[in-house]
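Labels A, B, C and D are assigned to the chains in the order they are written; within every chain, residues are numbered from 1.
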């Protein structure tokens, strides 16, 4: 039970990051490897606003999401757009986003230095002891805000014009173009939204993990794993994948072997991919002949 | 024109002479060290080009086979006093077996799913090496990997290694070239372009995909055994995800649908990451920028620019005599 | 066609072999300067160590040059970043030796990198001093070119366990270590020390670099009923472990080693690290005059507190300066001999003296605890005995 | 050489997708050296049947006999060695390869080059490469694309790419060619050219099975026509017979035209 509960907050973070992968992947077909570094950037901006400029938590969260969202748009304009115009193969896009990750990480290193920074939890991290089980306020906050962010995303996709355009593009890019959807704009929206999602994950995770310039690599990879387990491109799948991975890691680390924890996770992942290539939680339509 | 054919041949001879005499002109052994390192990496990139460029199976876990090659050969040499020349085939074989192993789930996968499976395999391999301390010595790594001997000459200096590595890279390049410019390479390309159509034309796609994984793994395994004796030590830190990514970048930047691209990309990026040391803190930023620039403006890699370059040369009579080569059918 | 080539290749190979065998290596003729090469991670996961090392070394070099501390020799220093990657570290060392023509190498910090560098310095015959790598495999190889000014982990492990048993009366312990070279060697040494002292080791989980969630392992430790947790890793990890163990209600005594000794640990760990007992080689607010002087200068120059690793690196430069002065030469063999005879220095982290394996056995080992915003000294042990 | 008139026999094939009976106990026989059309309105089960034959779908029941030998299901790459080649409804070529290389892939199973010979530039490798080249050039000549052999496929026009696909199928030296809506997206001139090619192929002794929407084309070139509707085989016979078959008229012709 305790293992399961421990998996929830980290699972929520994975879910948010997984969502940011899925969002970009479905709407623009890009595997964006810089997603983890958007998480890092979000955490640093949140840290700077709350610790240096003494903002309170909520405005810092929102401001950080906006700033990182803008970074997402810049990435889309400067990198994805020319790649698309040249019809570059997908592997080039992956490498370009890797380049973005390297640049972001090292700029962060130059600005904020190599030391880890403390980002105090807005609600404190005293544990709540419920008989055998203990949970911190921050854990509860992470799960709640995580779910809130996911709900807002769902609302955005379902009920706003931009969201609807995104979904149309995700369904069928060519058809969406014919229907008059501006795919450049929808790409920009997708990059902005998923970078902002990443930033929110960064701020949520910062009080638990501290803020370091290389925190993005690990979270990014795990978020990607969660997205794939759930089925890249499926929003409920990504959420389920995030929580699933969080609990799985908690159990594997506690019950089997801590050193091999990630190895177990990945082995399971490869097994999942082998048996069900489109992810655990969605049923993908067969390839059309 | 025959004179151009002759010029082409002369060019090859000059190139060969430069390659063989290079250590004489380089008194700074640091440069030779980097060249040797790039030579070892070239083997990995050659395999990766056959796998990713030709067959279209992107691998972000190539460091795993590299690691398997290093550890298998080094452990054989350390514990069983087996000669380098026997340890190498064993390492290649072992890497090949693991190549087939990951090739099996990879048969069904593509795009990000395949990327993730290969990333996962790379991480599993690294974690096993890290945690299986009884055999691999864990994070401390293997030390005192014996030096190879060739006809009772002990290979010790950077120059010795240069000739050893160049000889193996030469054979590796030749094999890769033969594979790429034959029925096999053509079939690989067909699989990359359209698996279903290739299958419908009688190509046993799964077998070829596994073969591509095995070949690329064997190349990385070969590189690994060379790396072990070259570095003298090996630890899990040598075989991280970042290394896999670096190999992939070499392959794409050079041009992953050609054999020459593998060599160009590897040397360029290996030298670049060293040359940028001068820029200290910003060097990785510059490195990232160069990566982005290349993949955007040279989508087929640097070697993909060759036809353009060739056209330019064709218009310069002198340069034409020296460098222009008749385009081959492929 | 091939035959024509064969003849040509044959001639070329013969020529090459002749010239190669004749060509010797050129000597270094730069007079009265000693060139020091420094390798360390200035980017990547351990960047704080590499950058701290760089700052401290630069400080030491400037001081020594200003007061002519190395006799007639002027110190010149070259820094290379290895990103904590052994392959890059070996290339960097090669560059320092071949291109910058350094006479001696300080580095690296990651043990895997140091091991890779040792192959290079060993083949080139250049002395190498690591101020940061504590892995036991480094000095076990019998490499005569290698010296280590980082404190020996075996000694730390023994001192900690002994203290836990004798002073704190602890009988059941758990180790919780990083699955990297530092942590793995720490785990091994702790287990050996526990066995020697008759303390029961009930759990020994590990974590991988980059892990942030330590709760599963902590729960296991809790279930096994350990009275103390011995951590062996970096301060970020230690702070997180401490926090998470408190959150889980695992209120046992925490112990740590010098790798996590940094004021940042207290800042990051907050209340959770209060009372944590750890060994270290350097306390920034120590009463010792040498330490005070170093901290004042460092703070004046960089507006921050030095990390212990910086103190070790700082001392290393002084050791080199003394050796150069004594040897009155920059020849590698002379420098090496002078280093083996290092004695009589009183530096920030001890009175250095090298064992025949190259370990500095003249270090002070401080057993400290965290109280409020500072480390508090409990006891000083000299490693020489 | 062949002792039988029946080149392909489809026996009692059934396939159900969820609640939909896509194919209901379909049997039909294709005679050697004929052009056999399979038609039917949308949703009749044509594509499903085609997918079963080409190894894309595993049927629930039934079997396939090709030259009296049972064909395996779900193993598309075994069709060519057996003697069957196919084209795709929405052309599937190796887009960034040359026309020649595309057609050379058709020769894949007929050039068993040993790897060792490839590596050592042996005689066998060059022999088989030459054989493949000659065959491929012959196929290209047949469809009239010889001058385009060096072009990259994606630079060709739609009609030309159709022809490349034909040439590739021919290079596989099949006995039977399966065409999946070959006239889809073609203009009248291109259709006429296609018609000519199909007729020529039949003259050369090939057997052709095609699925097609274009009734006029089917009536013109097929000797035998099978009409499917709702997964059932409702009629089979010569064009004249089909044209007048009442069920066919009501199911298919009656609706659309």
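Everything that follows uses one rule, which is that a residue touches a chain if its C-beta (ideal position, glycine included) is under 8 Å from a C-beta of that chain, and two chains touch if they have at least 3 such contacts.
None of these values were measured; they are calculated from a predicted model.
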{"item": "Central chain of the complex, centres being mean CA coordinates", "value": "B"}
{"item": "Of A-C and A-B, whichever chain pair has more C-beta contact pairs", "value": "A-B"}
{"item": "From subunit D, the most remote chain by mean C-alpha position", "value": "C"}
{"item": "Centre-of-Cα separation between subunit C and subunit A, whole angstrom", "value": "36"}
{"item": "Whole-Å gap between the CA centroids of subunit A and subunit D", "value": "47"}
{"item": "Centre distance in Å when subunit A and subunit B are each reduced to the mean of their C-alpha atoms", "value": "33"}
{"item": "Whole-Å separation of chain centres (CA-atom averages), subunit C against subunit D", "value": "71"}
{"item": "Of all residues in subunit A, the ones touching two or more other chains", "value": "106, 109, 217, 259, 262, 289"}
{"item": "Multi-chain contact sites of subunit C, meaning residues that touch two or more partners", "value": "43, 179, 206, 208"}
{"item": "For subunit D, residues that touch 2 or more chains besides their own", "value": "88"}
{"item": "Interface residues, subunit A side, partner subunit B - complex", "value": "25, 31, 79, 82-83, 86-96, 98-103, 105-107, 109-110, 217, 221, 224-225, 228, 232, 257, 259-260, 262-263, 266-267, 269-271, 273-274, 277-278, 287, 289"}
{"item": "Complex interface listing, subunit D residues touching subunit B", "value": "54, 76-81, 85-86, 88, 92-97, 101-102, 104-106, 108-109, 111, 113, 115, 118-119, 121, 125, 128-129, 132, 168, 172"}
{"item": "Of all residues in subunit A, those that touch subunit C in their complex", "value": "2-3, 6, 10, 106, 109, 113-116, 118, 125, 127, 129, 134, 136, 205, 208-210, 212-215, 217-218, 249-255, 258-259, 261-262"}
{"item": "Residues of subunit C touching subunit A in the complex", "value": "43-45, 47-48, 50-51, 179, 205-208, 210-213, 215-217, 219-220, 235-236, 239-240, 243, 246-249, 264, 267-268, 270"}
{"item": "Residues on subunit B engaged by subunit D in the complex (per definition of touch)", "value": "175, 178-179, 182-184, 186-187, 189-190, 193-194, 196-205"}
